[in-house]
Amino acid sequence: MSIIKVNNLSKSFGGVKAVSHINMAIDGGEIIGIIGPNGAGKTTFFNLLTGIYSPTSGEVIYNLDKEVSSKSFKPHKMTGYGVARTFQNIRLFKNMSIIDNVLLGYHNNMSYGLLSSLFRLPSFYKNETKAYDEALKLLEIFNLLDKKDELASNLPYGEQRKVEIARALAAKPKLLLLDEPAAGMNPNETKELTTLINWIKDEFKLTIILIEHDMSLVMGICSKVFVFDYGTLIASGTPNEVQNNEQVIKAYLGGE
Amino acid sequence: AQSTSNVASNVPETIKVGLNYELSGGVATYGQSLTSGVELAVEEINKNGGVLGKQLELVKVDNKSDNAEAANVSSRLATRDKVVAILGAATSGNTKAASPAANENKVPLISASATADDVTVDSNGKVREYVFKTCFSDSFQGVTMANFAFNDLNLKNAAVLVDNTSDYSKGLAKNFKETFTKLGGNVLTEEAYQAKDTDYKAVLTNMKAKNPDVLYVPGYYEEVGLIVKQARELGLNVTVLGGDGYDSPKLLEIAGAEALNKVYYTNHYSSMDNAPDVVKFKEAFNAKYSKDADAFNALGYDLAYFLADALERAGVADSVKLKDALASTNGFKGITGTLSVDEFHNPVKAVTILQVVDGNPTFLKKLEP
Amino acid sequence: MKLFNKKNILSFLAVLIIYAIAGFFINTGFIDSYIFLNIVLIGINIILAVSLNLITGFTGQFSLGHAAFMSIGAYTAGILTAKLDQPFWIGIAGAALFASFAGIIIGIPTLRLKGDYLAIATLGFAEIVKIIGLNTEYIGGATGLNDIPRYTTWTWLYFCVVATVLFISNFVKSYKGRACIAIGEDEIAAEAMGVNTTYYKVLAFTLGAFFAGIAGALYANYFYFLKPDSFGFMKSIDILVIVVFGGMGSIKGSIAGAILLSVISLFLQGIPELRMVVYSLILFLIMVYRPQGIMGKSDFKFFKKRGVVNVYHQSK
Amino acid sequence: MLELQNLNVYYGAIHALRNVNLKINQGEIVTLIGANGAGKTTTLRTISGIEKAKTGKILYNGQGLDSYSASHIVKLGISHVPEGRRVFSTMSVFENLEMGAFTRNDKSQIKKDLENVFSLFPRLLERKDQYAGTLSGGEQQMLAIGRALLSRPKLLLLDEPSMGLAPIIVKEIFAIIKDINKNGTTILLVEQNANMALQCANRAYIIKNGEIDIEGDAKDLMNDENVKNAYLGG
Amino acid sequence: MHLGKLFLNASLNFDWGDKMEQLIQQFVNGVSLGSIYALIALGYTMVYGIIKLINFAHGDIYMIGAYIGFALTTFLHVGFFPALIISMLLCALLGVLIEKVAYKPVRNSTRIAALITAISVSLFLEYGMMYFVKAETRTFPELLPNKQISILNTNAVLDIKNLYIIFVTISLMLILQYIIYKTKVGKSMRAVSLDRDAAQLMGIDMNKTISYTFAIGSALAGAAGVLVGTYYNSINPLMGVVPGLKAFVAAVIGGIGIIPGAVLGGFFLGMTETMVSAFGGSLYKDAVAFAVLILVLLAKPNGLLGRNIKEKV
């Protein structure tokens, strides 16, 4: 059964049709790639999936825990629905430490009230300790444990991307959206990241949708790829199928 | 050289007097003016041999036109500087805020300009033992002007324009209205402005539409000058009445002589007065500060002499004795009039009504309390 | 990580010991009324600065209207204790409640306004509160509210300050506080991580106002006289100056800032004519040489100390 | 043409560049590659005068650049496409390009160059009047390069021009870089995409932890086993 | 009883001509007050637009401008226009100096630190000035013809001086708008305002651009000081506080950073205050003005002319 259904989704800004009439259905447990030329509407599509924009027409339906439609999307409700994301332009809390960035990911999984936080009742300690321990584990996975107290802004780009992914994982999503996770990484780092993403998917039992321009990453781990151009879907299929699609080569990959 | 410090402590002591005035902040003008007056008088007193054979030493502190700071300064003067009395503050509010520290430390606090009725008396009608004032209470000026307008000028339809940030202005207006209506006059409208406003045309246009024959505008010369000027520009040429806040050469400068025709106000004295003390004061003031004195300068000047007089009568520079001497003041003669202190620590003093003629405030009438 | 760890117990003892020693000095008159008055002022300023820090320093909501919350608290306490003859604790509770209610109201524009626009809206709110005060005869209007009983004692003052500092620092070190800080850093990212920014912004204003209201109550029942224009725009600026001077997002900084600025102000009393000129120069020099404030999170070392959660995690 | 001698740059306590020596000859494409945080961006920012070196010298045609402001350095013919695009977000695409020609006064020539940029990046022509801030990431990158070209630089500093771009555009951009170079512009290229960078460059420097680690002919480095393992993804 | 009296009054004096006239007069009052806010707001908004600094000292530069005008006309007997020009020049110089000494060192600090610096400059100017000239009010000599003209042959009048102010405000607005959008200096200002590093990489001299900004902004404040000083004819060291705040509010209402917005906001604020007074609310004039401000912002969070550009994520 598909966990995401996108029905005839469109979004325009003034005259620009950033996303237009997209239909797709995605099954759980996969890594899905979204590629397409610059300005094709990929990021906009993510923003529609996470409630940052509301569709001009059409609808997104999640079936992660329970069924929710994009009509009730609000950015802050998405983690509650099981959806977490990273941003194309890294959006870390720059003046917070790495560990605090990750701890923030646990926001929706904390369960103590205002009084507990003011008076430090036992539930405060219980929740915070648990979150803290889990956060440490996440940082360990990303090899960032020794930097846990550094300010996010002091980290190099590549590591900031990792922190962003760790923060998203902390929200315990079922669906993880990554917007160009390998941007600004050299081929070597990209290779590491590819392995990591694959591992994360299995470890956390996630569905991952990622936007990426680095074909080595896309071809390496995606089981299915959707290709956007001018807001529409021009192709979809396995990486191989897509790679050999005439239209895709012409619009996106470029010939040799 | 070793012994200088010893010698220094043996020189004849001075008598310390604290000044708790608004030298910065919103009402710095008034605080600074009062301070100038006090300083001139103290200079004269010291030149003439001081008080009780000692020189007066002023400890001047700024209360920033702020309640808490006024209390703070008051406490500092009483406990740290050990002054025999505190002069100030300029406004009623700051004086009230300064008074608990004065009472607590038993140091008299004397204001020359805190006109509110409840400065010296608390809400239960009990007098505040160490607090005195030397200026009229609001009720007095408001009532006097209402009587004068209704009976002497024969004006029946008043419009009132009040500074709603100023307790002084509100106090005068309230008493004026009560008396004026009691006498049978009509208060057609009451409008408000805020201190530091510069444009009054909207309210004046409203007032004009009501066709009053007199405007009562209790306030200070800075605003009143502009109000009168703008009223005339709008063709509102009726009589304007006010209080001692008008007394300043600036009023003429701002409004211009022509606009000031038909302006009357209550005051402590007439600066056109030819009484020798007044002339002497005006000349001395002009010599020291190269400008003409206004009411605040004169009140500050008198305040210092008032204190000196009480100190002499107390016989020693002791604040408790001084308090008693202040309370029993009877017929102190200052340039702003002769005053006695009543049981509520308020002054009993005559009020003068002045009329502005060709820009000059001219003596019209004096009313004994 | 427990409530009864060594550090917490030591802090608790320190709090009591400071209380007892200072109390002793005050009762014996060693600390005279002048010093005590300044201690009261410092205490009130600490509460104001720490509570504004929650709104502006931590949550990043630029407020120029903090004095309004204080004034609502002060008048509420004034009315309750002077006019209705209620005991002080009711005055304080009423002050805190009314002020936090105002906090909810002013919190609402924050849902739509950002940065300087929010600042000017809060400033406008504070002016409105002031003008309503000026025109309300029941509380004396421009004449002010007089003869408020002097209930603010060392005990009340001290424990109100301690409670404010404790609650606000507990709050910012909880996940709710972390959410507030995140909003200050990047609202969109915070939202994406599940933070209901609307709720937390209003919460920050409400909590901040709650404590500012308490500061108002202490003020009213110490200075015995209230006037609406004591709580004008400049008062709000004064509080903001303490916060920035101490360091945005640093509670210790706010405390240090309140103390230092009060002491500076005392020294400046001695030079009345140049007081404000010198004060402005001092402000300027500090902003140039330490723009992040005396305890600002300028560098890594400071941040580690401030580390939002780490403080107690390290002690576990 | 450009020579960095023993350059040391600090951010507060962080020692970002350590004794960096680097040389670019007239007409070359030189590439600077290295891991995240190695100091590539810092090198470029120091050349263009936004950061100031603590010690060391930058010589441009034999002339020391240290005392010049960033704006003056542009006038000397060094143009910098910064990391992260940095387009003027609430100016239109067209106005952004105009800003690129800020130091120039030859109106007709500017017009020609504008047309040239539009033919290089047709997408920019389509979006001519849109606010630059609402462009997609790739569109912004095109705009940033186009903007730099309009200052008619003698030396062009490019900071990760391929970041976030579609493969087809990346190819195009590298082709354009070569084109620009052929037309006489010397180029210093900072890239993560080391494969492509080395293919198009004459010489290369590899920077590691703020120090120049390896330098040499681009073709040689491409075949170097160490380099391959560390930077080219094996 | 009140109602009855009111009714009686109304029916006796019922005269549409009177009412109309009153309304016209209030409208004129609103425009004239608004023009003053607008004039001061222009410089405020321009400096804000370029360097995103709430220049709290703007009102105080306006005050200094007024004092320069006062000194020139009173002691040196300079005429109105020369005084205006000299005051603008000196204020421009002062503005540049303030920027170099005070704001430049905090350019890379947080905006709030810059704000506190601006407040310190403001206090310094106010109390430095007060130290030298004392707190008392000074009065300008009559420089401009003190003449009222009647509007549409009614008793409603307009002060000639107001025409000057309105004229100067509108022309300055147009000039500024031209400078910012059409000239090279203006373009460099906008570039600096958007991204300082990138602007420098275009060859823009950032320091020079910021200096120009302050020079122009402060010259505008100086002009306002002289004009408004002669209009109300009384000045004092704290005269800049309230108009500075009001001008800031006006600029925000219009959309801070937007030149025509400042003028619109100024007129809007002046008109609001006047109309509140006109309809009997003088006690609450400022409160209503601020309430309107908040309502405007709630409806248009970036001011009347501000465009709501959502951050692209």
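Letters are used for the chains, namely A, B, C, D and E, taken in the order the chains are written, and counting of residues starts over at 1 for each.
One rule holds for everything that comes next: a contact is a pair of C-beta atoms (placed from the backbone, for glycine too) under 8 Å apart; a residue touches a chain by one contact, two chains touch by 3 or more.
Computed from a prediction, not measured in an experiment: that's the story for all the values here.
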Neighbouring chains shared between subunit C and subunit D, ordered by label: A, E
Which of C-E and B-E has more C-beta pairs touching across its chains: C-E
Greatest separation from subunit E - chain, by CA centre: A
Most remote chain, CA-based centroid, reference being subunit D: B
Whole-Å gap between the CA centroids of subunit A and subunit B: 72
Centroid distance [mean C-alpha coordinates] between subunit C and subunit A, Å: 40
Whole-Å gap between the CA centroids of subunit D and subunit E: 45
Chain centre separation in whole Å, for subunit E relative to subunit A (CA means): 48
Residue numbers of subunit B (touch at least two other chains): 24, 26, 164
Per-residue multi-chain contacts in subunit D, two or more chains: 134
Residues within subunit A bordering two or more other chains: 43, 52, 87-89, 91
In contact (per the touch rule at the top): chain pairs: A-C, A-D, A-E, B-C, B-E, C-E, D-E
Touching residues (chain side subunit E, partner subunit A) in the complex: 313
Residue numbers on subunit C that touch subunit A, as the complex places them: 1-3, 167, 170-171, 174-179, 181-182, 185-186, 188-197, 203, 249, 297, 300, 303-304, 307-310, 313, 316
Residue ranges of subunit C touching subunit B (in the complex, touch as defined): 32-34, 37-38, 41, 134-135, 141-144, 146-147, 150, 219, 223-227, 229-230, 234, 269-270, 272-273, 275-276
For the subunit E and subunit C complex, residues of the former touching the latter: 48, 54, 102, 105-106, 109-110, 112-114, 116-117, 119-124, 126-128, 130-131, 245, 248-249, 252, 256, 283-284, 286-287, 290-291, 293-294, 297-298, 301-303, 311, 313
Complex contact set, residues of subunit D against subunit E: 48-50, 69-72, 74-75, 79-80, 82, 86-91, 95, 98-100, 102-103, 131, 133-134, 147-148, 151
